[in-house]
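The structure appears below as structure tokens.
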Amino acid sequence: MKPVLVIGGGVAGIQAALDLADRGLKVHLVEKSPSIGGVMAQLDKTLPTMDCSICILAPKMIECSRHPNITIHTQSQVKEVAGGAGNFDVKVLKEPRSVNESKCTGCGVCSQKCPTKVRNDWQEGLADRKAIYIMFPQAVPLTATIDRDHCLYFQKGVCQVCSKVCPSGAIDYEQKPEEIDLNVSSIVVATGFQEYDPSELKEYGYGRFKDVLTAMEFERLVCASGPTGGHLNRPSDGKLAQRVAFIQCVGSRSHKKGYPFCSSVCCMYATKEAVLIKEHDPASEVNIFYMDLKVFGKGFQQFVDRAKSHYGVVYIRGRPGEVRMNPVTRDLTIWYEDTNTGDVTSKEADMVVLCTTMIARPENKELAEALGLELDEWGFFKPLNPLTNPIETGLPGVFICGCSHGPRDIPESVAEASGAAACAAEVARRFM
Amino acid sequence: MKYTLYLGCTVQSEQFGLEASVRETMPRLGVELEDMKGASCCGFPALSSVSKVGWHYLSARNLAIAEEMGNDFLPLCNGCHLSFVETMHYLEADPDLKNLINTHLEKEGLQYEGKVKVVHLLEVLHDRVGEKKISGELVKPLEGLKFASHPGCHAIRPSDIQKVDDPEDPRKLDNLIKALGAETFDYPEKIDCCGSQLAVASGRTTLKIAGDKLQAVKSYGFDGLVTTCPFCFKMYDGRQRAIKGALKDSSLDVPVFYYTQLLGLALGFRPERLGLQLNQSPVDGLVERIME
Amino acid sequence: MADSDEREVKFISLMLSRAVSGMNAEVCDQCGKCSSACPVSKEIEGFNPRQMIGKVALGKNEELLKGEAIWTCTTCLKCRERCQEEISPYDVILILRNLAYRAGYNYPSGYDDFVKGVKETGFISAPQSVRGRDGGRVTRSDLGLPEVLGPTDMELFRGIVDGIVKAGKRN
Amino acid sequence: MSEKPRVGVFVCHCGINIGGYLDVPDVVKYAETLPDVAYAEANLYTCSSDGLQKIKEAIKKHDLNRVVVASCTPRTHEPLFQGACEEAGLNKYVFEMANIRDQCSWVHMHERNKATQKAKDLVRMAVAKARLLTPEEEPEIDIQPIGMVIGGGVSGLTAALSLADQGFEVHLVEKEDKLGGYLNKLEKLFPNNTKAEDVIKPLIQRVKETPNITVHLKSTVTDVKGFVGNFDTEITTGDETLPLNVGTIIVATGADYLNPEGLYGYGEVEGVVTQLELEGLIKEGKLGKAKTIVMIQCAGARIEERPYCSRICCSEAMKNATLLVEENTRRDLYILYRDLQTYGLSYTELEWDAKKKGVKLVKYDIERPPVVTKGEKGPVVKVFGPLLGEELTIEADMVVLSAPLIPNEDNKRLSQLLKVPLNSDGFFLEAHVKLRPLDFATDGVYVCGTAHSPKEVAESLAQARGAASRAGIPMAKGRLKTAAITSVVDETKCSGCGTCIELCAYNAITKNERGLAQVTSAVCKGCGVCGASCPERAITMRHFTNEELEAQGLAAIKEA
């Protein structure tokens, strides 16, 4: 039977690939960054069970890399798609790593010796990486990659330290972009989501005040593999953040600046992050400013009840009007109205976390054009019918799962990924 | 650059400091001002609360006169500026209202079409004259002085129809202060309100709101507060003594200036030509230091 | 009252009533962003733009017209700037003030002085002499400022303003 | 293994990860002194292709019958090295790993001597165990390519159709006399107001037309034995029972609506109905001239005795309220809510449309819930709105209670039958809430739809398809290779007390005809709970026998 193409190596893409591979179908898993894992790999803990995120994800990533039926194409993007269900011809462009994948053992010596520092996007900019780097300690494949835009050799033809120190001679500056032609029976789109940049909501001071973070930046800060090793030292002056405020619906449920929809999961991950802070230091003061607490998932309400009663997290119904920074003490003041009591007041905080909207990835546009699919007004893939065919699309043989068609949490993405795998298996059998 | 100058009630009746300093400094920066004939109140504080149509009629009346004179229209007061911008917005959105108001204007031989461009003093100084031109003309740079900028609510909000400066992080007045050789820095209360429009309903609260800002400005170590709006100036300068009483803060002594007064001093004009004798707040110390 | 005034009265009352319903107060999430940014709600107990919009959304306008709250807004426009659903408590308050004025409910007397001033001088008040910091009196001419020329035909101007304000008082 | 053990020890530098922080050559020299060690060597990267090649050559050259690799974590690299042993002709269970990186070199980076000593101890322990290791076989079991789906609602129908489209035979068991479940009772479905029958009728039609789906109506599953691949089940229809051998089982039994007896005057005050009853009234057009309608959310949910949120009631209320207002714009609609759960892309729009059309939303607090009393014309609702800061009194013509979904009362029976757990709310408890939401811990049994937890149609369909994919995996492969690390019962010592049967999370142990414990190795996950808890010490774990563990333990505390 023809293989199946899975686009996107996050938790949804991994689950779809494993489901299909386990039942005997060959799978091509195309991921645009140097490693699979997606956003889930960046998280510290997951709710409601407080598992360490990478500890439950890495085994699945390793299963993918060792599965005889799965071929992982990293730093690759789908450029052209022709044909139809049962017989898609797909052109994939693989960007060069400038590192020979079979020789590199991921020892990391090259990164240690590389002189060039670059903003580390995987650490959400809270730390630097080198021009030659391994994306994160549990990356799969555990292979280095050269960022040609910042590498001294590619920019100015000098240096070459990495090839000198590499113990297994894996550096290959001559590597060229590679076009891979695939013929597959069906396509599963699992491109995931991106975090909305709240800079335009200037009243919250993101970008102006260094201690106003987005939720992803907080996840990296609190994570043991993060820039501070998990200590909550605030970015401005390294002071330990004792008082933290979470502001919900930043860029969501808004018809001016931002998006009108609700991102479904922020109330819960804010609760989780609040509990993490309380676990770090029970004496810390954590306030969550919300409008309607979204507790609709399995075990969610109980998780919130525990956060309130056991951990002492404080929930205040009121969307703060503004966040201010005292230019002398650098402490932040949040002005809000507790709409349940009607009094307008303020709270001091060492750090403010903005829970922003989960928006579509910009690459969806190019992929949609290649597939000949429609995107909705916010750039998410459109299901064939949001009620009766949520994971099918207008194009037979192309299925969608996870955040590629809207914000949802990990269990739903995983369930939909298996669902998309079922659809792909049905197509594979129909065109056997 | 030629503008039709609109004074507005507060400036023409009592805030002479702003008008004097504007008339004195603008020619030096190549800005020509032409006075209006037959202008009246813009209607904003007077009628907007009791007669919306009356408010838009009065604003449209001044806009109609300005349209005839042909120059860009420069109201000196933030309140009047917002009133004209909002009136143009409402009349464009509601043709019936526009026709009703034009039937009244015809009685005075006037006609409002909405072609005139309303410009704010900050836009003239920052965008058209420019910081380089201003710092080039300096005679007495204001070295070592730290001023807090107060652009005023009606200049920067609402940003859906007001395009003078960024509503949350206004920088133009700050840049203009730096152009005089002085220093300034961002402080959280910069975009807070002076509370003047509340005076008619609750004087005590007005003084508290204005007082909070003055105390903040003092606490951050600024040497003085700078604004271009007569309403805000009247609150921070004219009512500072009343604020001290209301807040029981005898130590409150914040010198308050119109930007064009500081501009005048920096360009070497005499203080009395800039109406500095009318400032009620303790400005003498700073004026003498600048004049040395 | 000529028939044009009749048409004007109907126009104003229709405009005011349509204005409130058109302010989409009904989509308000009651999130509190306006009230937490509002300088007055921090100071005056009964003043809360969010609750006012909440009452308008539930059709309880009459309660607001009779109250004092609508008169203590300082028009700083932060509520309109910050509202994420494009609602403007400021604009709703201005309309409610017009309706209260027309319905004859009480309002700060200062507004009558404003209207009187405009009708008499074309401005809220005529130029006065101002006391300087050193106590001396200063007039416009002392500073070489030009004489203020109000509306050329004050009689005509006063009639127009008077007509519009009176039309707004009847429904 | 009768012949004398010949152990090969391979110590890895792992670049600088180990070699940089402890003396690898010294560990190799030490390994050579250990009993039965026939060969020892170090290499820079044991896991690289040439590292594996060296192991294979050493096995042949030195006739090794045990292999120990001292390097990194078994979690990522054990299968790799076991593969190398197999390629050199050794059984992969005579291989043992010592992790001298993660808990040794990495954590003792600044204490070279102590790290080296610790590495020696870990190697000594691994060799002590390796000497006693014996080859093990991995049994294979056949999987019947026949799926069973319990429940004929929208989820069950979708799962059955998907299994059929994947080429498997399906038995769909439904306890009612017709398929369709709750969708038969609903009028229109959010988010796009599709008629419920336009969703359910085509599914039922396709199920009837699909040859390899056998529908059993008015039937319940009365017995389940066996394990993944061949469950011997029994279906009872009326008074006759039918034995069915199936490979996998999908639970799609759905959920019921709570009867909010005693809440907000339901059953006492006239004009108080549930959202489901309102749906019926709309469907049959029997709404009458009800003008003022008040909906009350969380009627019996998110409270002490029923703490979960039922997820769909807010969207349901928005949909019905909007339909009612569109049908007659003079109607006055109120929704009294605690926290609006209109989440995601399309349900936030439901809330927006409802508000735009004049539906009035009033928040209430759990401490001061609304009170419904009998008025002259109809029910009177008194509610304190914290946002308004005052109490509202609404003379309504009708009060609609949004009651939550509750677990199907058959769940307890099914949970015992299938030996799958329920959670504290009474819904089925999946293997892992995050990464295995549709599987049970017991292999071969899956769950989807509102049996898992309250959810709306679109999510149920996605889960149903997902469960069909999960069930499709073993059935597609036909044969399932199972790990050899399983428990073995020594019948001479077993007293048949049943402790192990009770404790086994994967219900892999049953009582045989002699009343003694018997392990089904295909299902056993080798977790060791039975071995640890057996009072008679009758159960040992292959590859982790008591002797091996004792040898390893003793090696830890004293030099060989």
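Before moving on, here are some points about what is shown:
Order as written gives the chain letters A, B, C and D; numbering starts at 1 within each chain.
One rule holds for everything that comes next: contacts are C-beta pairs under 8 Å (C-beta built on N, C-alpha and C of every residue); 3 or more make two chains touch, one makes a residue touch a chain.
Computed from a predicted structure; not experimentally measured.
Comparing chain pairs A-C and A-B by the number of C-beta pairs in contact, the larger count belongs to A-C. Centre to centre, using the average C-alpha position, subunit A and subunit C are separated by 50 Å. The geometric centre of subunit B is 66 Å away from that of subunit D, both derived from CA atoms. Computed centre separation for the pair subunit A/subunit B is 48 angstrom, with centres defined by C-alpha atoms. One simple way to say how far apart two chains are is to compare their mean CA positions; for subunit B and subunit C this gives 20 Å. Shared contact sites, meaning residues of subunit A that touch two or more other chains, fall at 203, 253, 339, 342. Across the assembly, subunit D contributes 352, 387, 389 as residues in contact with two or more other chains. Multi-chain contact residues of subunit B, defined as those touching 2 or more other chains: 167-168. Every pair of chains meeting the contact definition is listed here: A-B, A-C, A-D, B-C, C-D.
On the subunit C side of its complex with subunit A, the touching residues are 27, 29-38, 41-42, 48, 50-51, 78, 82-86.
Across the complex, subunit B is touched by residues 202-203, 208, 324-328, 333 of subunit A. On the side of subunit B, the complex with subunit C involves touching residues 7, 9-10, 12-14, 16, 19-20, 23, 35, 37-41, 43, 45-54, 57-58, 82, 94, 96-97, 100, 103-104, 107-108, 153-154, 157-160, 167-168, 191-193, 195-202, 205-206, 208-209, 275, 277-280, 283-284. Note for the complex: subunit A touches subunit D at residues 11, 15, 19, 22-24, 46, 48-49, 51, 56-57, 59-60, 62, 66, 102, 105, 107-109, 167-168, 253, 260-262, 264, 292-302, 305, 339-342, 376, 378, 380, 385-391, 401, 406-408, 410-412, 414-423, 425-426, 429-430.
Within the complex formed with subunit C, the subunit D residues making contact are 352, 355-356, 358, 360, 362-363, 387-389, 392.
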